[in-house]
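Next up, some structures in structure tokens.
Consider the two complexes below, in which chain A is the common component and chain B and chain C are the respective partners.
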Partner chain A sequence: MMDFIVIPILALLAATAVTVARIRNLWAAVMFTGIYSFLSASWMLILDAPDVAFTEAAVGAGITTILMLATLSLTPRRQRKSGRLSSEDFEERPSKSPLLPLLIVTITGCALVYGTFDMPHFGDPNAPIQVYPNPSFVEKSQPDMHGLPNVVTAVLASYRGYDTLGETAVIFTAGIAVLLILRKNTDDQSSSESQSVTGENA
Partner chain B sequence: MNSFPIIRVITKLLIPYILLFGLYVQFHGDFGPGGGFQAGVIFAAALILYGLVYGLPAVHKVAPPKVIEKLTALGLLVYAGTGLACMLLGGNFLDYDMLNHGFLTELPAALDFLPGDKPHHFLPEGQHLGIFLVELGVGITVTAVMTMIFYAFAGRERVTT
Partner chain C sequence: MTEILGLYNYWIVIFLMMTGFYIVIARENLIKTIIGLNIFQTSVFLLYITMGKVTHGTAPILKASHGGESHGVEHGVEHGAEHGHELHAAAEGHVDLGVDAVKEVYSNPIPSVLMLTAIVVGIATTALALALVVRIREEYGTIEEDEILEMDRNS
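For the complex of A and B:
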């Protein structure tokens, strides 16, 4: 019964991915990435991971799409011109043979594939991921957390508190970096208000 | 999108529910699916929706950029501060068991007349309180960073060629 939902979603995911890669219209491509994220969110919900589904739906389908559209609205829309520019760039340097990049990519790929041989087989019950955050966490977390039923939250915020602190710091750093990159040019253009804001923070 | 009355009205109708859902995901994250990150993103989505439909000046009035910038740091400080508080109370960093306060942890007898199921713990303490504070910090930071990135993108002028 579940297959009737699972197979169409996976098929749509694959179709959307191919479409994103092949489509020339950037606006349509952005909308298709949003659809892709939404389908992934549905797929994660089927896999009983509502936390991840929330995140994927809100970040992937929502905010990322809006940010991409905002970026597209800032850049010149004439795709053809930019496309021709890049093709001119490509024509200008045919002297560099594609052999070296191809060689590097092949070697890196081989090394990565070789590395996967050490990994446990897919679905191996003895793999560390199945064994290590072992089932006793589920039983242990109840008395440890004063009866909080959500083991995921207990693991994320308490047992793995350092990791989550690091993740929050990463988000903070990313926000600061975006602000630093994008703020600078607005200062150049105008807006004494934003200048005073950055002046205060500096 | 200022000239589309249907979008404006529907947005005004939707935003309270989005915010409410964000609060639910934030504060119910210890019991159901969710947590600080998801709640922060949902909250930011509500602000971004408002900004998209009503324009950047309107959303700047609701959430001024200066405040948002400070909130990014505040969330991280709440998180790290919870850890430091545990150290000051004699434990390890982020050792929430130090946050046991024993104050009003059971439902007061005066409130026994309330109908329905009694909450197991009246005021959170220990691990529960620690998780609550930490998730609050994550939620504040994520909301502020997402909103700030949107401001940064939306505030830019079109590149003239």
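For the complex of A and C:
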């Protein structure tokens, strides 16, 4: 029964990824990336990871798409003041020869597929990942957390709490860095704007 | 046949991963490259989540305990857990699914936790990369990689 859901989702995932690779309009590519994130969130839900699915849908499909659209609106191909923007302003140029990258990707993919022959099969309860570390922490987590039923939350916020603290530090650092990168230098703002038109500001 | 079914998910994930990799190395538009990185990243999430799935398992959210907090959860034991105490039995392959219908089988929560962290760190790096693209566009007037390199060479 579940296969009837899983197989179309996987086919759509693959089709979306190929579409993103082929399409030249960047707006459309960003939209397809959002669709890709939603599809992977659906698959994660089927794979028993609802927390990751929620986060992927909110962060991957939501925030990433918004950030990309904001960036696109700031980076048209023509300069901003030279008339109305058209969809051509958000198209990348056709790439030259896709043969060499295709070859590299195929070889890498074959090597990875060869590597999967040693992997434990999908859903195998005796796979090393299920046995080590001792999974008894799952039953212990509820009394440890005073009755919290969600084991993922228990591990994320308590057992691996320092990891989550580090994660917030990463977010903070990234936020500061974005602010510093995007901040305009007030003293040479006019000159940099005039120079960026001709692009000889190196 | 079981080989194909057991490894099918990994191959799909590898295909997605390689599509992202192709976008990163073949396309010269900087925003497209970041999109490719995002696709690669999401496929890595999928790889981890796939590994954490246990057959006939359910999401790792425990049933309400009947015996109170101190008593612990008797019904909510991960399938691996009941055998985790006797690793020898598991190693010899004595695990038999559905022996005890009362016991719940949970999928592994650890990949979920790791990927939650990875998603959030991923959005941080994406935001930083996009900010750099905006800055590059301000300086060079283009976001095509080869044009930028050309300008650098000519300057």
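Everything that follows uses one rule, which is that the second predicted complex is superposed on the first by the 130 of 202 C-alpha atoms of A that agree within 3 Å, B and C clash if a C-alpha of one lies under 4 Å from a C-alpha of the other, contacts with A are read in each partner's own complex, and residues count from 1 in each chain.
Quick note on the criterion: contacts are C-beta pairs under 8 Å (C-beta built on N, C-alpha and C of every residue); 3 or more make two chains touch, one makes a residue touch a chain.
Quick caveat: nothing in here was measured; it's all calculated off a predicted structure.
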Task = Return first, second, both or neither, reflecting whether A:Leu182 touches chain B, chain C, both chains, or no partner chain.
result = both
Query = Of the two partner chains, chain B (first) and chain C (second), which one does A:Pro50 touch, if any: first, second, both, or neither?
reply = both
Request  = Could you figure out whether chain B or chain C reaches more residues of chain A?
outcome  = C
Inquiry  = Quick check for you: in the superposed arrangement, does A:Gly161 touch first (chain B), second (chain C), both or neither?
reply    = first
Request  = With the two complexes superposed on chain A, say which partner A:Ile66 touches: chain B (first), chain C (second), both, or neither.
outcome  = first
Inquiry  = Taking the stated contact definition, name every residue in chain A that is touched by chain B in one complex and by chain C in the other, in rising order.
reply    = 50-51, 55, 59, 63, 67, 70-71, 74-75, 146-147, 149-150, 152, 156, 164, 167, 171, 174-175, 178, 182, 197, 201
Key: Complex contact set, residues of chain A against chain B   = 50-51, 54-55, 58-59, 62-63, 66-67, 70-71, 73-76, 144-150, 152-154, 156-158, 161-162, 164-165, 167-169, 171-172, 174-176, 178-179, 182-183, 185-186, 189, 194, 197, 201
Ask   = Inside the complex, what are the residues of chain B that reach chain A?
value = 25, 29-38, 41-42, 44-45, 48, 52, 65-66, 69, 72-73, 75-76, 79-80, 83, 93-94, 96, 120-121, 124-128, 130-131, 134-135, 137-138, 141-142, 144-146, 148-150, 152-159, 161
Query = Which positions of chain A touch chain C when the two form their complex?
reply = 10, 13-14, 17-18, 20-21, 26, 29-30, 33, 36-37, 40, 43-44, 47-52, 55-56, 59-60, 63-64, 67-68, 70-72, 74-75, 77, 79, 92-93, 95, 98, 101-102, 104-106, 108-109, 112-113, 116-117, 119-127, 129-131, 133-136, 138-143, 146-147, 149-152, 155-156, 160, 163-164, 167, 170-171, 173-175, 177-178, 181-182, 192, 196-202
Ask   = Inside the complex, what are the residues of chain C that reach chain A?
value = 2-3, 5-12, 14-23, 25-29, 31-32, 34-36, 38-39, 42-43, 45-46, 49-65, 69-73, 76-81, 83-85, 87, 90-91, 93, 95, 97, 105-113, 115-117, 119-128, 130-135, 137-144, 151-152, 155
